[in-house]
Every structure is written in structure tokens, then in C-alpha cells.
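Here's the structure we're looking at; comments come further down.
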Amino acid sequence: MSNIGPTDTSELPRFAGFATFARLPRIDQVSDVDIAVLGVPFDAGVSYRPGARFGPAAVREASRLLRPYHPALDASPFDGTQVVDAGDIAMNPYNIGAAIETLQHEAERFGARGTKLVSVGGDHTIALPLLRAAAAKHGPVALLHFDAHLDTWDTYFGEPYTHGTPFRRAVEEGVLDTEALCHVGTRGPLYGKADLDEDKRMGFGIVTSSDVLRRGVDEVADALRARIGDRPLYVSVDIDVLDPAHAPGTGTPEAGGMTSRELLEILRGLAGTTLVGADVVEVAPVYDHAEITSIAASHVAYDLVTLLAKERAGG
Amino acid sequence: MSNIGPTDTSELPRFAGFATFARLPRIDQVSDVDIAVLGVPFDAGVSYRPGARFGPAAVREASRLLRPYHPALDASPFDGTQVVDAGDIAMNPYNIGAAIETLQHEAERFGARGTKLVSVGGDHTIALPLLRAAAAKHGPVALLHFDAHLDTWDTYFGEPYTHGTPFRRAVEEGVLDTEALCHVGTRGPLYGKADLDEDKRMGFGIVTSSDVLRRGVDEVADALRARIGDRPLYVSVDIDVLDPAHAPGTGTPEAGGMTSRELLEILRGLAGTTLVGADVVEVAPVYDHAEITSIAASHVAYDLVTLLAKERAGG
Amino acid sequence: MSNIGPTDTSELPRFAGFATFARLPRIDQVSDVDIAVLGVPFDAGVSYRPGARFGPAAVREASRLLRPYHPALDASPFDGTQVVDAGDIAMNPYNIGAAIETLQHEAERFGARGTKLVSVGGDHTIALPLLRAAAAKHGPVALLHFDAHLDTWDTYFGEPYTHGTPFRRAVEEGVLDTEALCHVGTRGPLYGKADLDEDKRMGFGIVTSSDVLRRGVDEVADALRARIGDRPLYVSVDIDVLDPAHAPGTGTPEAGGMTSRELLEILRGLAGTTLVGADVVEVAPVYDHAEITSIAASHVAYDLVTLLAKERAGG
Amino acid sequence: MSNIGPTDTSELPRFAGFATFARLPRIDQVSDVDIAVLGVPFDAGVSYRPGARFGPAAVREASRLLRPYHPALDASPFDGTQVVDAGDIAMNPYNIGAAIETLQHEAERFGARGTKLVSVGGDHTIALPLLRAAAAKHGPVALLHFDAHLDTWDTYFGEPYTHGTPFRRAVEEGVLDTEALCHVGTRGPLYGKADLDEDKRMGFGIVTSSDVLRRGVDEVADALRARIGDRPLYVSVDIDVLDPAHAPGTGTPEAGGMTSRELLEILRGLAGTTLVGADVVEVAPVYDHAEITSIAASHVAYDLVTLLAKERAGG
Amino acid sequence: MSNIGPTDTSELPRFAGFATFARLPRIDQVSDVDIAVLGVPFDAGVSYRPGARFGPAAVREASRLLRPYHPALDASPFDGTQVVDAGDIAMNPYNIGAAIETLQHEAERFGARGTKLVSVGGDHTIALPLLRAAAAKHGPVALLHFDAHLDTWDTYFGEPYTHGTPFRRAVEEGVLDTEALCHVGTRGPLYGKADLDEDKRMGFGIVTSSDVLRRGVDEVADALRARIGDRPLYVSVDIDVLDPAHAPGTGTPEAGGMTSRELLEILRGLAGTTLVGADVVEVAPVYDHAEITSIAASHVAYDLVTLLAKERAGG
Amino acid sequence: MSNIGPTDTSELPRFAGFATFARLPRIDQVSDVDIAVLGVPFDAGVSYRPGARFGPAAVREASRLLRPYHPALDASPFDGTQVVDAGDIAMNPYNIGAAIETLQHEAERFGARGTKLVSVGGDHTIALPLLRAAAAKHGPVALLHFDAHLDTWDTYFGEPYTHGTPFRRAVEEGVLDTEALCHVGTRGPLYGKADLDEDKRMGFGIVTSSDVLRRGVDEVADALRARIGDRPLYVSVDIDVLDPAHAPGTGTPEAGGMTSRELLEILRGLAGTTLVGADVVEVAPVYDHAEITSIAASHVAYDLVTLLAKERAGG
């Protein structure tokens, strides 16, 4: 194939060279792009620990360790598919509304050119404009939302657009297919039982972190695939879906989470669905240690890219 | 109900305000108290890494993230039950005997007023005076002891009261109901086989960390509930029962431990028992990272408070 | 004297008890307040590393080490003067304008009651509303601004109120006495020479970090006192005035800074001026190590409180 | 028995005294040695994060926590068997070839004296000379290789001896029994599918990290024992077989790994095989936190020593 | 001017975008280059703590904070001079000889094109090939060597090319002008008095770290300028010249070092000399905290670039 | 000379081998000992952050970097003088009184054999028994006490022997020569002015940290030498005399401290006095970063050993 792949490790050691996701080419180095990894350095929407603005840079550095063949999915995602690092989007760090608009516009431009996005956040606020852009192209999309939290709160300090509210807004705006919505990995205390009731009313199913322990990754993946069917699917992964042991570098950690092995296995179990876009958010590297959160996030992004590439290859 | 709950997050962000457990009122702000979270800043009894004296402060800070509804137990523990942060007890940091006495006296005063305690340590030495106070009120109590270690050694450097000996002392003093004692999460090397023999002779059962892996949390919780029956139960959680990945911030870590998800699930499986008091100990925040140990401990304390609150509500 | 001082260390160890600044009483525990230490947990105005929202909590914890007698100033600031911890102000974390307004209003209320404020930030955005409140009471104030940066930029991403702009706004609004303005500790690259020219035009003098090295702390303090005279003085200390070795826990560190010893000596050299208010800002504890930044900031706040107390005592 | 055991904890606290593995005697303190723990401070063969040269020192410090009775294997490995800390081997840090030769020679000398080795690395390059020495004594050996990676690459930057190639070299040199080779814990992306094909051609079986999750530790251990039979067995444990949550302190971490509990359980399941030597490698303490990686590695080494001791005792 | 400067901060926040030194263009984005910042990710020559291979990436990230105007030197180094980030050179991580050769060749190519280099290491081994290339262009060069150590040892483990030997080799090879050599910042114990004698015989002067304290930065800079005169000058800065408080992230730290303020002041005092090349080495980010070492190194590199730019501008 | 020196670095890299202070022989490896470095792993006497029990181990590891020639003092302290690492003393971790007695007895035994001690703590409680032993041999001794604090408090929680009281006890017991006592580096707030008055009454002079800044290291050293004369001198260095930037790893840090360069220069200025013993205390490595505190402490101990060795060699 004639696409450009990652920098050859036998020519430049993995610890050397400008950091791009998985050592892939920058978007300006190629003409046609199938899949773009897009950095979204934004954290004005957080309610507790900030720092996710440095998430894209950290994931890029951690992704130096990725290699081009995915044995679990038996796929070479950079082979025959042009994957690039699209760099970071320039968002206003002081104005959530303006920032969301910029991202939506940019994401729609990628969609218009036929490029699929795996966005690396940034806080979870960014899922809303990304879902809007996905729906602009594909109509209302199915959603798998991996997260410790529901993120379907209404407002916080009067602000409707924060990292705790994107999916309620998305339902209200009609960009989600309410027949095929599911949270995975939920745990921890809530403000009240009404949180659950309202979430359910919006159409969300819930597979808690404890459900994953009890049912196992294969049964969970089977159930998720059944719920989604062949709908266009958006996957949003808040890295806090992992236990703080596996992802200390995040903003609102909750004990009792999933392991990175479980998360990756469930994602791989989504092969066969029709993925149209994805994000990995809430990596706050200043709280990380030895890059364990960034490495987990880079593997998640890599798996999402691989699912998109397989799909494109008819896989 | 007329009790005072946590500070409203919509008025003061969770990262703001004086730190109290779960943003609950201080004990001086209310008149009648059902459940008190009591800080016990003491670590003169440790044998290896000190630092647990800063445990209560760290758990308070980490508990800012807790919210008032517990979905897994379907309970609102601060609703109809007055839960408070009782602050830290003033213990002599140089004299173990004097310190123990102070704590026992203070704990008995809470008992006399009908307040149930969830104590946040502090090293495990503090379990002995807390058990004495529990027995003073309820008679000999059943004990579930979550810990990597047995804590039934005899003496260390001639000292009978250290963090390795509380439960032997408690058996000797008759404050435990020897029909209903169990260690959970035990692992790691011992000084000799006699450690196990003597422990068994005192009446303890053991569910090792590996047993939890092989049998699963539900089977373990069922077995524990069966052993305890309707006896008054004290639960003592040494945070080192968790694997060092989940609780690096502790004094005598051992590889091969439980996950925080397993611990929380087993605790929730104790709903229906007659809990009369509990502690969470051995959080040494200087060894922690990104508060993962303090967050786990704050969730454990929250679950213990919720069990007490449910029980009180007839739940 | 009848005022309430810090918790007695001989009764409760310094590592124990609810954290208040210097173990002082909370504001709700006393009726008349001379000096209040006010937490301002806000960081929506930062341009680089966020995290200063956790600054007040960290400074409180670090201030457990402070004791009530200041030998260098030969003063007992909590003796005869009622100093309190006023807790944290509740500011909107998503809306800079609303947050500034809340703080200004609150600070003016303190001023109206005759209470002087030492505010603990929070990012430097908060200096503007604090200066407005100071000027509302005292008229345009002299300003000593300890900082690596000028903070007299105009706008950033179109936003006029950020942590890089408070002093330009303050000059424009007329709340500063432009005869008596000085930056101390400035260093590091700028956007252009115009930054210096405009700053000078606003009336600011500059004592760079290198000037402090060459001239020594006593000569610098003398020059500052001479410039200020007996004008009402506001002191604003951005902790990044210290070298990153002394204050790693901040948002926009610059190499080549002052030592904490130099900063404290210069502050002490301000005895005899007419201090009317002060702040210590930009402590971002997640970047700190072993509390060295928070400890430095707590000593700065303690020195500022002592200057205010001495002044009140006619000192 | 007349052998010398660990320093008595009741005479010298575990945090005190010169650090030797498990507080065992140094090799110069005894005449006959059954099992030696040998430090191999070397990391010139790494491809990504260096630092494993400090591994032996870190494992020694972390092993202060080990005690002399192994309850899971019901064994007292230091009782009747002389186990020592053989110190660190002096290897050239700049010349991989010379370093390998030194280690092989030294390991063969241990073998000639009838001492079994548990080596503590150092990077994985060191497995090759250790296998050569094992084969020199026992003929081609069976190999269980716990690792995230295959380590059967060919060359890197033209260098045939690095931490990515030891097992290919070992197969080529005929020091491995190709009927009984297995990787355990493998995961993460590869350079290409050919990596797997070539690995298989060399004779390796693979139990991936996900296989361990799905099949459970007992089934895996049973299968491994069946594959090995009564062949002389060498066990090589790259600590990166653990998830980064359990072993951040390593050079090439991959998300989705095993827990330390799973690893220890599988190792214990090898009781009954004929272990002739073992290593634990790739502990890079500068990336560790609170010693969690070193503690895990010290437990692994302790379990390997115990297996050797049981075997010797006819166990 | 028509050269390309740094990315505009008002368009893309400083925390966003691909990391290049000071947000400058990559070398492939321009045709003619005056000054190149070159990453040299290499640490096979270290004798103690490795990790400097990650130095260039860390300095790039830390340099996001640099701005285009240098007030202390009153210069805009990126204005009228084309400065670029030349990326990382691809060096063999296992073979010191081959790596040195690659770097020498590459550096000579820059020299041949009229580009001046500020290299960012990497360990100090790299100074030798860089000096060879400088001498190839300019003849034997004067050398100012900022370092805690002499780096004029002979061999280590028989290896003549390590981070402790570059300047002895350089003297032997005749690439240094022995009339104008000086170490600055030296301190800490040596192997023997002969180290000093031999160093002196090679022609080196020494300004110790204590000399800097006693004599002050201006007197030191004056003396250095006098010694150098108008010879072509190479400046080599080992970041361990700074005290470990200012530069923890390095391989062989020694107590009692210079402050970053002193180092920057002395460097600025070199304005007026004829600088022909420079390096900043031994940044080992894994030992760093909050980027304080990387920030200091990025300021050093920025000052060196500015000196080169001023010189070119006739400044 | 026939004494045994440090392990040869050209045979075993400095990062390899069992850790002893400066790679010196253990005490059991030689027959006659001139100077012993003694570890005192004890921290039961602390009032704030514990952790100094791990100080000796950390200083040993950090001292791997020391070399045998001291250029500033032009001395080879291990040449002709037998210096050893005497290991750690076994002290009761739960009983301050018993621990003090053990240490006093052990120190007196060293004195009786003519061995001079440089003790590495441990908390400052240990200075009292060490001073008693020094006085037992030499009569009342002069004392230079480098510390942020006075350590002449009376009792704390009724305990007369803690890390805040050793020097008051020593004065009371008559083991100090009250004509020649001086604190150096003092700073930070006190409990009251009486602290200073009582301290002065005991005979102590004070050179504050600010005095060092204003007067310079040479003038301070001259004054100290003048005060001491030819009396037998004991030097006690609490590492918190350094600023937290230089020594984060300690128990009661105070901003505004000395630099490690200043401390080492003043110590070197003591050449010519009659040093009879010394200690370095309060290194709490868990609060350290990149060993900067341990490295500073190891340099301090090395300078103290060198002063003793020079003196023995006739100065």
C-alpha cells in the first residue's frame, strides 16, 4: 500500500524524534486521510481536578511505545489505511461556548472530508461537539460511554456545558439514538436516586464496574454488541472508567473501577460494530505516575483506531 | 428530615471549603449524632513505614468527592440519619499506653451517647481500644478483619500494644466473640507456621486474598454473613488489604492483594448484619500517589457509614 | 488579651485537628475580626498549568507548622489582634466575570466591617477584585507586586480578565496609585519590548530577580519603602516570584528566581509601611513536592499577617 | 538445622541494618551455599526507559519486608537450606558483549559449586548468559517466560544481544529445550504478524494476559506444568508481565497486564516441577512509586527461592 | 523580516500543539537556517543514573513557556534570524563509537551549511563529536565548561568515550585551544589530587561553585570574557552545574551547586564573545520534578540561542 | 598506608554492590577503626512528619556518589585513616528511653575504643545520648548546632526526650560547655519570645539563616571558630537547616533556609577546630525527591569525616 506509516523504529529509536501519536505522520505530511487522531487540549469544563489540557501531549509521548501490528485483533491498522496525527485543535481556554463551537466546526470539516476521528481530550465537555459532528454526518448515533460517572447531569453553577453534562445535552439535541445508549463501568456515589431515574428515562442502559467483575468481559461485550446492532456507533472513553490504580492521572477518580485489561478486552469485543467516531478523555498527566494513565489511554486510542481501520478494510 | 447533610455542591464547589469527611457538618454544629466519623491521628505503633498520623487529614481531603446517594446499596445515608465529622482525637504521640487509654475513654463516651463510630486511623494499634469500647456497650463482638496480615502477634520489642498485636490482646481481654472472627485478604510470608496455628486457636477463620480470587466476592460475602449471623459486628479494615497497586500509601504493603472493587463488593455484601462499629486504618498519605489510597479509604468509610445508616433506618 | 489564638499544640499535636490557617479559629467562632485569611479557590484564569484552585487547602495544611511568635519581626501577631481563617469564598468555576464580581463584593464586605484581608489564591486574576475592594475603602493604593511576570498584558484569547492582566485593568480602573507601583522579582522572556514600555508607561518600576542578587535584600527593601512612603499599600505575591527550586508548585515557572529567604527578608523590610491588604497566589499543589511551595506560601502569608498585626498594634 | 537464616527481626527492626535480600546472610558469611540471590545491575541492553541497573538495590531494600515462612506453599525456605545474598556482579556498563561474558562465567562458577541462582536484574539481556550457564549444567532447559513481550526479536540497531532478543539467541544456541517453551502474560502490539509466526516456529507457546483472565490461574498453571513435565526448568520473570498499575517501575510498560496476585498464584502452581534457575528482571526503580514494583519483584524472587528450597527438601 | 518565528500564542495556547523548541518551526519548514536547536537523545555513556535519552523531549515540552523577547539581553532572537528545531538525531543506543560518529558527521553537515548549533543532550559524551565539528569549521576552539565535574578523566571500564572523558579526548585530539579553557561550577569529591593536576596540565582553569558565591557573577563573567578574548568559543553546559535543588533531574548530582539565576547571569555576561556552538546536556527527566530541570535547561538553551543571534545581528 | 579504602569504582560500578557509606568497608571487615559512620534508624521522637528511621539507608545509597579526595579541604580522608560503616544500631522503636540508653551505651563503647563517630540519624532525639558519650570521654563539649530550630524546648506531651529537647537536656545534664554553644541557620516562628530568652540563658548564641545571607559564609565561619577556640567540639547538623528547596526530605521544614553550598562552606571553615564527634539527622527520605536531601546529607557527613581525618593526620 502507498500510505505512510509510523517512523521506522530501526532507523530512529522510539524515544527519539518529534512526538506524534504512534509515531504516525502529521496531517500536513499526507494528502488523503482515512483516520485522524485529534488532540483536544481543553479542561475549562472540569468540576474538580483540572489538568486534562495536557492530556494530548502526554498521550502522544506515551504512544511512542505502540507498534503497528495488533495481535488480539489480528490487524495492521496503519497498513492500507492512512492514519495521521492531526495535532491539537486551538480552543479558547476561557470560554466554554466558544471552545465547543470551534471543535464542532473542526470536527464537521473532518467528517465532510471523509476522515474518521479518534479524539484525545481534554475533559469530557468535548464529547458534545464531537457527537454533534458525528450526527451531522451519520444521523443520531448509538453511544457506548465508558466512565465511572453518568455525565448526564443538567447544569453546574448554572453552566449547561461542562464535563458532567455532555450526554444529557446530546440527548436533548437529538444527536443520540436513544435506542442504543449504554454506560459501562459506572460506580461510586451519586447526588440522588433521581440521577439514575433521569438517566434511564433518557434511554441509557448501565453496565456497572461490578457487573463487569461478575459477568466477565465476553458476556458484557456480547450484550453491548446486541444492543448496538448495526447502528452507527460512537464510543466515548473517560479514562476514569479505570480504577485509580490503573488511571491515577485523571480528574474525578472513584475507587472500585475496571482494570485496563477488562477495558481493552471489551473494546476488542466491539469488532463487527459500525464505529463512526470515538474519543478518549480526562487524562490529566500531572496526576499520573510513570505514564501509566497515558499508556492506558494510548492503548485505548490504538484499539479504537484499529477497530476503525478493520472496519474500513471490510474486517 | 431535619438532620444536617453535606455542604451543597451547587453552592460551594467540592474543591472549596474546610475539609470535613464527605463535606458533612462538624460535630459541634449539631446536637444529636447518630454516626460519627472520628479521626485518630496516631502512628507510634507501627513496625515499618510510619506516616499514618496524617491519614485522617488525607481521607478528609479525598472524601470531598463523595456524594450523598449510594446506588449499590440504594441508600441515602445522610438523609434521616445525623452523620458528622467528629474531628481528630488528641492522643499522646510518644506514649502508646496513654494514647490507647485516651481513645478508649473517648470511644466509650460516644457509645454512651448512642453514637456509632467509624474511625479513620491511624495505625492498627487503635483497633484495641475501639473494640474495648464496642464490647463495653454490646458485649463481646464478632469481628471481620480485612488485612494483609493477621495482627495477632504477641509482642514486638517487648511492647504488647503495637499495630501487629491488637486482635490477640482483644481475644485475651474477652472483648471478641471467638465464635465469629475472620480475617479477610490475608497474604504474604509469616514468621512461622506457629503464627497460623495460634491464630486459629484464638478462633479466627481466614479468607486469603487468593481465596477471594478463586471464590468470588459473592461467595465470600455469603460465607462471612453466615459466620457472623446476628451477632453485634465490628469491621476493621486495614487498607493494606488492598494490593499495593490500589493502596501504595500504607506502611507494610504486600504484593498479591485484593482490588478496591472486590473490597467494596464484599463490604456491601455485609448488608443485613448488625454492624456496631468500624475502622479504616493504616493510610499513610506520604506514600500515596494522586490520593488513590485515600480515595479508596474514603469509599470504604462511606460504605461502612452507609451500612450503619441503613441498619438504623431498618434497612 | 481576650482574642482567640491558635489551637494549643500541647493539647492537640500539630498534625491533628481540622485544618485552618495556622490553627487559628474559623471566622464563625469569633465576633470581631481584625485580620482574616481568606481562601480563594479559583483557577479559571490561568494560561498554562491549572491547579491553583487547590491552593487554599494546601496552604492550610502546610500552615499547621506555623507558631505564634515571629522572631525576625519580634511580634506575636495573634496576641491582642483577632486573626481568623475566613474559609473559602464560593466562586463560579466556569465564569470569570461572575467569579470576580463575587469576590469583589465579598472583599468589600470585609472592608466595610473593618477587617483586613490576606487572601490565599487561586490564580492571579483574583488580585483585581481585591484591589477594587481595597481602593473602595482606602482610595487608590500603592502596589508592590512580587512576581516573575509583569501581569500587565492586555487580553488573552479576547479575555480581558485573566491571570496575566489584573494590574493593567487595575491601572485603567484607577484603583492603583500610579506614583507607587513596583514589580519585584521579574525575570524571563517577554512577548516583546513593548511589554516593558507599556508597563513603564502605566507607572511601574521594576526590581528584577537579578537586581535582588546584585543589590541585596536590604537595599531593595529600603528602595521599596522609599517609593511607597506612607501611602496605603497593597502587596500581591505570586509565588512564582520564587525560583522553581523553591516553588515548583505553580503554574508558569521561570528559572532564575529569588530564594524564599530573600522574599521573606524583603517582606520583613516593609515593616513601617501602611499595609492595607495582601494576597499570595498561584500555589498549584499538584506540582508541589513535600509541600515546599505551600510551606513557603504559608510563611509569606504569616509574614503579611504579622505586618498587619504590628501596624494595628502601632508597631 | 545449622544454616544461617535472616537477621532476627526481634533484635534489629526490619527497617534497620545493611540491606541484603530478605535480610539473609551475605555469601561471604557462609561456606556452603544452596541457593544464591544474585544482583545483576545492568541496563545497557534496553530499548526504551533505562534504569534497571538500580533494580538489585531496590529489590534488596523492598525485601526487608519478607518473612521466613511461606504459608501458601507451607514452607520455610531458609530452614535447612542455605540461602544467601551473593551481592552484585561487576559488569561492564558500556560493552554488552563483555558484560554478558562476565555474567555467564560467574553463573557457571555458581553452577559448578552446586549453587542454584535466582538472579535479580538488570534488563532482560541477562537471561541469555544465565540460560547458557543453566544449560552448561543441566543440558537444554525448559523455559517459562513471564513477560508482556516475546523477547524473540532478531537484532536492534544491528545489535544481536539486547533485552529484546535473549530467547531467540538461546534457541539458536541450543540452550533451550524447544519442546517446553512458553511465554505467559504476553500482550500489546507487535511489529508485525511475522513476530508471532517466527516465535511459534522457535517452539514457543503463548498464554496471553487475556488468557489468564479468561482461564484463571489454576487452569493456566496446570497447563504449564503439563507442558514442562519433569524437564529441568528455568523461569524468567520480566516484571513488566504485570500491569503498569502493579509494576510502574519498568522500562517498556504495556497496558492490560496481569495482577501480582495472578502472577504469584501461577508461580506457586509450579510446585512439583524441577526448577533449576530463575531470574526477575526489568525493575527500574526510578519509575516506581512507594516501592510497589520492587515489593512485587521481591515477592516473586521469594517465591522462586521457596520453590527451589522445597524441591531440595524433596518437597 | 521574512523568517518564520514561533507559533503565535494568541492563536494556539502554549500548552497546545506539537512540541518544538520554543514553538519554533521544524527544520523541514524553512529553507535557510541560521541557528538550529538539535536534540541528541543518547545516554549510553553515563556512569551512574541513566535517563538523559529523554532529555530532548523534556526540554521541548518545557520550552513551551519561552517567549520571543529576551529583556536581560534586550534582544528578539527569532526576529531576523532563522532559528529552528532540527529534531532529534538518530544515534545507535548500543554502540558509543558508532553514535559519536553519526553525531560528528551530522554536526559537520550543519557547519558546512553555515548553521550554528545549540545541542540539547543526551549525556556529556556528545560534547566530543560536537567539538570536533566546531573545530573542523573554526579551528581549535575556546571552551567554557559549566559542570559540577571536570569530565577530563581518562577511561572508565576501559572505555575511552564516556560522559566523564570528552574534554580530555578533545585536548588530545587538538580540537580545543588550550589557552582558553575553563571549568565553571566545579565541586564535590574527586578520585584523587592527580585529577586536578592533570586537568591543569591540559590547560583548564577552574572557577568552583564556591568561587561563584564568593566573587559574584559579574566578576566571574568578566574574568571568563578576559580569558576567552575573541577566540571562537564553544560553551558546554552540564545541567548538573546547578545545585540538585535547581536540577534534580540529572545523572550525577552533587550538593553545593550554583543557582539557576547565577548560571543565567554568567551566560548573559558572555555577550560580546564569539560563540560558535553550544550544548546543554545531562537532563534526565525521570529524576525531575514539575519540570524544574527542563525549564532551567530550556532557559539556558534560549540564552545560548540569543547570544548567537545577537552576535549574528552584530550585537 | 595499610587501611582499607572504598571499593574501587573501576572494578565495580558505583551503582553496584552492597550499600555502605561511601563504599567503605563494614566495621566487621577491619580490626582497628579510627572513624565510624554509624546509622541510627530511629524516629519515635518526632513531633510532625515521621520517616527519619529510613534516613541511614537513604544516606548510604546516596553516598555511592562520593569519591575519596576532597579538593576543597585538599584531603584524602580514607588514606591513612581507617574509616568504616558501622552499620545501624538496634534501637527499640517504641520506647524512647530504652532507645536512648542503647545508643548512649553503644556510643560510649566506640569512645572507649578510640573511635570517633559521625552518626547518621534518625531524628534529633539521638543527639542527647551521643553528647553524653562525647562528654564521658572529653568532658563538657562545645556545640555547633546547625538547624532551623532551637531544639531547646522543655517537654512535649509531658515527654522530656524528643527531637525538640535534646540540647536543653544536655545543658541541664552538664554535658555541654556553655561557653561555646551556637545555633546556626535558625529561622521560622517560635512558640513565644521566652523560647529565645531561655535559649540565651542556657548559653547559646544564634546565627540565623538571614545572618548567613547578610554576613557571608567566611565571616560566619570565622566567628564560629573564634567562639569555639580549641575546646573539644561536637557538631550536630539537622538537615532542615537547609531550605526546603535543598532538603525537602525532612520532618519539620521551614522556608527561608540556607543553601547546601553555604552549609558545606561553613563546615569547611571549621578546619582547625578540635572536632570530637558529629551527627547528621532528620533525613526523612519518603519526603525526598531524586535523593537531593540524602545527597546533601551524605556530603555533610563526608565533610565531617574529612575534618576528623585531617585533624587526626595533624590537620
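For clarity, chains are labelled A, B, C, D, E and F in written order, and residue numbers in each chain start from 1.
By definition in this document, contacts are C-beta pairs under 8 Å (C-beta built on N, C-alpha and C of every residue); 3 or more make two chains touch, one makes a residue touch a chain.
Computed from a predicted structure; not experimentally measured.
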Set of chains whose contacts include both chain F and chain D: B, E
Where chain B and chain F overlap in contact partners, by chain label: C, D
Chain located farthest away, centre of chain F as origin (C-alpha): A
Centroid-based (C-alpha) most distant chain relative to chain D: C
Interface copy of D-F among B-F, B-C or C-E, judged by whether over half of the contact pairs recur: B-C
Copies chain B and chain C touch via same or different residues, half shared test: same
Inter-chain centre distance, chain B versus chain D - centres from mean C-alpha coordinates, in Å: 37
Mean-CA-position distance for chain E and chain A (Å): 40
Centroid distance [mean C-alpha coordinates] between chain D and chain C, Å: 55
Residue list for chain B, restricted to those that touch at least two other chains: 13, 15, 47, 49, 53-54, 93, 156-157, 243, 245-246, 259, 287, 289
Interchain contacts (touch definition) - all pairs: A-B, A-C, A-D, A-E, B-C, B-D, B-F, C-E, C-F, D-E, D-F, E-F
Of chain F, residues touching chain D in the complex: 11-13, 15-20, 26, 39, 41, 53-54, 56-57, 61, 87-91, 93
Complex contacts: residues of chain B adjacent to chain A: 9-10, 13-15, 64-72, 74, 76, 216-218, 243, 245-246, 259-262, 264-265, 289-292, 295-296, 298-300, 302
Residues on chain A engaged by chain C in the complex (per definition of touch): 43-45, 47, 49-51, 53-54, 92-96, 156-159, 162, 286-287
Interface residues, chain B side, partner chain D - complex: 47-49, 156-157, 187-193, 195-196, 208-210, 213-214, 243-246, 248-249, 252-259, 287-289
